[in-house]
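Structures incoming, each one as structure tokens.
Both of the next two complexes hold chain A, though its partner changes from chain B to chain C.
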Partner chain A sequence: MVEFIAVFKRDVRLAAAQGGGLGLAIGFFLIVVSLFPFGIGPDLKLLARVAPGVLWIALLLSVLLSLDRMFQADFEDGSLEQLVVSRAPLEVIIVAKVLAHWVTTGVPLILATPILGLFLNLDEQAFGVLVLSMLIGTPALNFVGAAGAALTVGIRRGGLLLSLIVLPLYVPILVFGVSAIQSSLTGPSGSLQTMMILGALTLGSAALAPFAAAAALRVHLR
Partner chain B sequence: MNGSVIFKYANPTQFMSLSKAMLPWLLVLTVASFGIGLYGGLWVAPPDYQQGETVRIMFVHVPASWMAMAAYSFMALASLVGMVWKHPLADVAAKSAAPIGACFTFLALVTGSLWGKPMWGAWWVWDARLTSMLVLFFLYLGYIAIWQTIEEPIKAGRVAAILAMVGFVNIPIIKFSVDWWNTLHQPASILRADGPAIYISILWPLLVMILSFTLLFSVLLLVAMRSEVIRRRIRSIRMAKIEGFG
Partner chain C sequence: MSDLSFSLGRGDGMMLSGPNGSGKTTLLRVIAGFGEITGGSLTLEPVPDDDLSQACLYVGHQNAIKPQLSVLENITFWAEFGGGDVESALSSFSMTPIKDVPVAMLSAGQRRRVGLSRLALASQPIWLLDEPATSLDKASVKTLSQIMQAHLDAGGMLIAASHTEFDIPLNKTLELSAREPGAAEAGHG
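This part shows the complex of A and B:
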């Protein structure tokens, strides 16, 4: 537990000190979302219809972009080896790193989504569900992504490989994330079920992905 | 599983001689099975009363999709054996199965699309089954890409094995989510499998075709595994030479 907190604090501090990575991710998010109106035209009704999907896909891509830094920097400067040989189980350390990564990239991105929702003429009453669905669903993106990042750590052109591996696994999260927002637009309480499935995806990936990631890191550092 | 049974054929030399002896027989069996299955499918089976002759695509499409799933399961199982027992041939088997499985998946997608044109009036419909096949195809691509980017075979085998198992756990979740998504977006407009009960004259060619595809898979797998074993031998001979000069 001591190691868990120590790793979590270290990663959050490192992210805060560097700063640049977060700004880049938010900038990317903003640009991807604002490209859509250029691509499909400024029709407000159409934009409102596609807004949930666009926001989720842009968020997913922004998370994907920040994933390769999760282990890569530690791998390059050797601190990853120290973490692997430390007393605490590697799985626990990975959970700490994933949570730190989520707090420093996932949460700021989510806080930016309501503004982008305005850009896309998303109904205001969906904003609460939008943010909530993302808060519940995005940890799953980070956990599954951590397994992908661990599989590709230290590989040439790992970033491209990472996208190829991780994006198909993101399909369920995307489906339920978007349907949570859409069902909130049509009915008052229709989104509860999808929220619960999103929660299940997050919990399931939190339970399984650290083991896959730890196994992958051990292979790479053997 | 009994360890001794698994390791009996773990020796690559033994595998090479055994597979060499088996291949011609398997090949003959595959060709014969395809002959019977195709005859049954193309001549014996009656055209469907609604879909006409196009229903015959089924005799390629259904076995291909079946093998697409079966090959991935085989790959995941081989990966598990490779991870747990460090079986030297399991990695080879998993690696060799991937491109074959990807081809079957591609075949299933293409035949599905060809079937879709007369049935749905479009080459591609975001039908739940087609879509989950597409995602399965992506999973295969990621797995193959891992093997191609990591040069050292043992390390590549381990990493790829983890990915195969992660993918295998995810397949049912993806299937479930795609089914959900599909009902959300387009309510039942798709042809149903449970029309009139399948006639025996359609059923037997279909089963024979599934058997043929399974045989074809095992033939292709054995050939691919043999060339992978040879490739690794060449690699180790080369490495030994380089070390000898150094």
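This part shows the complex of A and C:
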């Protein structure tokens, strides 16, 4: 537990000290979303209809952009070796790193989405569900992404490979994230079920991905 | 590597020598728990052998420090992570004057000192040092020797792979020879 807190604190501090990763992800998110009105045209009804999907896809891509640094820096400077041979189980350390990554990239991205929803003429009554569905669903993006990042650590230009591995696995999260928002627009209680499935996806990935990531990292350090 | 056999008792230090590519790093990494041996065994007595890597402190070529953080922040992290006293680690390689400097601004030798300060935090009985004296100046090599001596005096063990001579007598040496092409792959600890 001491190790968990130490790693979490260090990663949050590193993200704050670096700044670059977070600014990059938010900037990317902003630009991708604001490209859509240009591409689709000023049809407000059409924009409102595609908004949930656009926001979720842009969020996926922004998270993806920040994933490859999750283990890469630790791998390059030798910290990863020290974390692997420590007393704490590697899986616990990975959970600490994923949570720190979610707090420093996922949460700021989610906080930016309501503003971007305005860009796309998203119905105001969907904003609450939008943020809630993302808060429930995005940890799954980070956990699944951690397994992918662990597989590609140490591979030069691994970022591209990482997207090929991770993006197909993001499909269920995308489907249920978007449908949660859309069903909230049709009926008052429609989004509860999809929210629960999103929660299940997050919990499932939180339970499985750390083991996959730990196994991948151990293989890389052979 | 093949036909290797050695044992270390309390207070034993072993110097690992041999030409480049003879497998010094590989041997240290195997002891530290990275990778598996294809034959033979490594045991830690009286504790069961799967605890061996827990008993080892491995200092590799890389310093395991973050360039964005200051010296103090780096050492504090390793102290929080694995235990140990931050102040004594800072003073071990006389880094107290530069403790607030970001590691990115330090020279290679200074970074090495920050990396080596983990030795002062360590509670592990076995130290595995891979080229610990790289880019250190004479005074720091002397400090390192003193820290190693103190560890041995306290009943610890260490294996150092180095081309630098230390001021302290390490009572054992292991000479690895360059691997011959086509030699059978068999480890033996």
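Assume the second predicted complex is superposed on the first by the 222 of 222 C-alpha atoms of A that agree within 3 Å, B and C clash if a C-alpha of one lies under 4 Å from a C-alpha of the other, contacts with A are read in each partner's own complex, and residues count from 1 in each chain.
We take it that a contact is a pair of C-beta atoms (placed from the backbone, for glycine too) under 8 Å apart; a residue touches a chain by one contact, two chains touch by 3 or more.
Computed from a predicted structure; not experimentally measured.
Participant: If we overlay the two complexes on their shared chain A, which of chain B and chain C does A:156 touch? Say first, second, both or neither.
Facilitator: Only chain B; A:156 stays clear of chain C.
Participant: Regarding the shared-chain residue A:2, is it in contact with chain B (first), chain C (second), both, or neither?
Facilitator: second
Participant: Once chain A of both complexes is superposed, is A:182 in touch with chain B (first), chain C (second), both, or neither?
Facilitator: After superposing on A, A:182 lies in contact with chain B but is clear of chain C.
Participant: Tell me which partner A:107 touches in the superposition: chain B (first), chain C (second), both or neither.
Facilitator: Once the two structures are laid over each other on A, A:107 reaches no partner at all.
Participant: Mind working out whether A:196 is in touch with chain B, chain C, both or neither, as first, second, both or neither?
Facilitator: It touches nothing on chain B or chain C.
Participant: When the two structures are overlaid on chain A, which partner does A:207 contact: first (chain B), second (chain C), both, or neither?
Facilitator: neither
Participant: Please work out whether A:165 is in contact with chain B alone, chain C alone, both, or neither, and reply first, second, both or neither.
Facilitator: In the superposed model, A:165 contacts chain B only, not chain C.
Participant: Quick one: classify A:13 as touching chain B (first), chain C (second), both or neither.
Facilitator: second
Participant: Where on chain A do the contacts from chain B and from chain C line up?
Facilitator: After superposing on chain A, chain A residues 222 contact both chain B and chain C.
Participant: For chain B, which residues are in contact with chain A within the complex?
Facilitator: 135, 138-139, 141-142, 145-146, 149-150, 155, 158-159, 162-163, 165-167, 169-170, 173-174, 176-178, 180-181, 184
Participant: For the complex, which residues does chain C have touching chain A?
Facilitator: Residue positions touching the partner: 32-36, 53-54, 56, 58, 60-69, 73, 77-78, 80-82, 118.
Participant: State the interface residues of chain A toward chain B in the complex, per the touch definition above.
Facilitator: Contacts found on chain A: 147, 151, 155-158, 161, 164-165, 167-169, 171-172, 175-176, 179, 182, 201, 204, 208-209, 212, 215-216, 219-220, 222.
Participant: Considering the complex alone, what residue numbers of chain A touch chain C?
Facilitator: Residues 2-3, 5-7, 9-10, 13-14, 17-18, 73, 76-79, 81-82, 84-87, 221-222 of chain A touch chain C in their complex.
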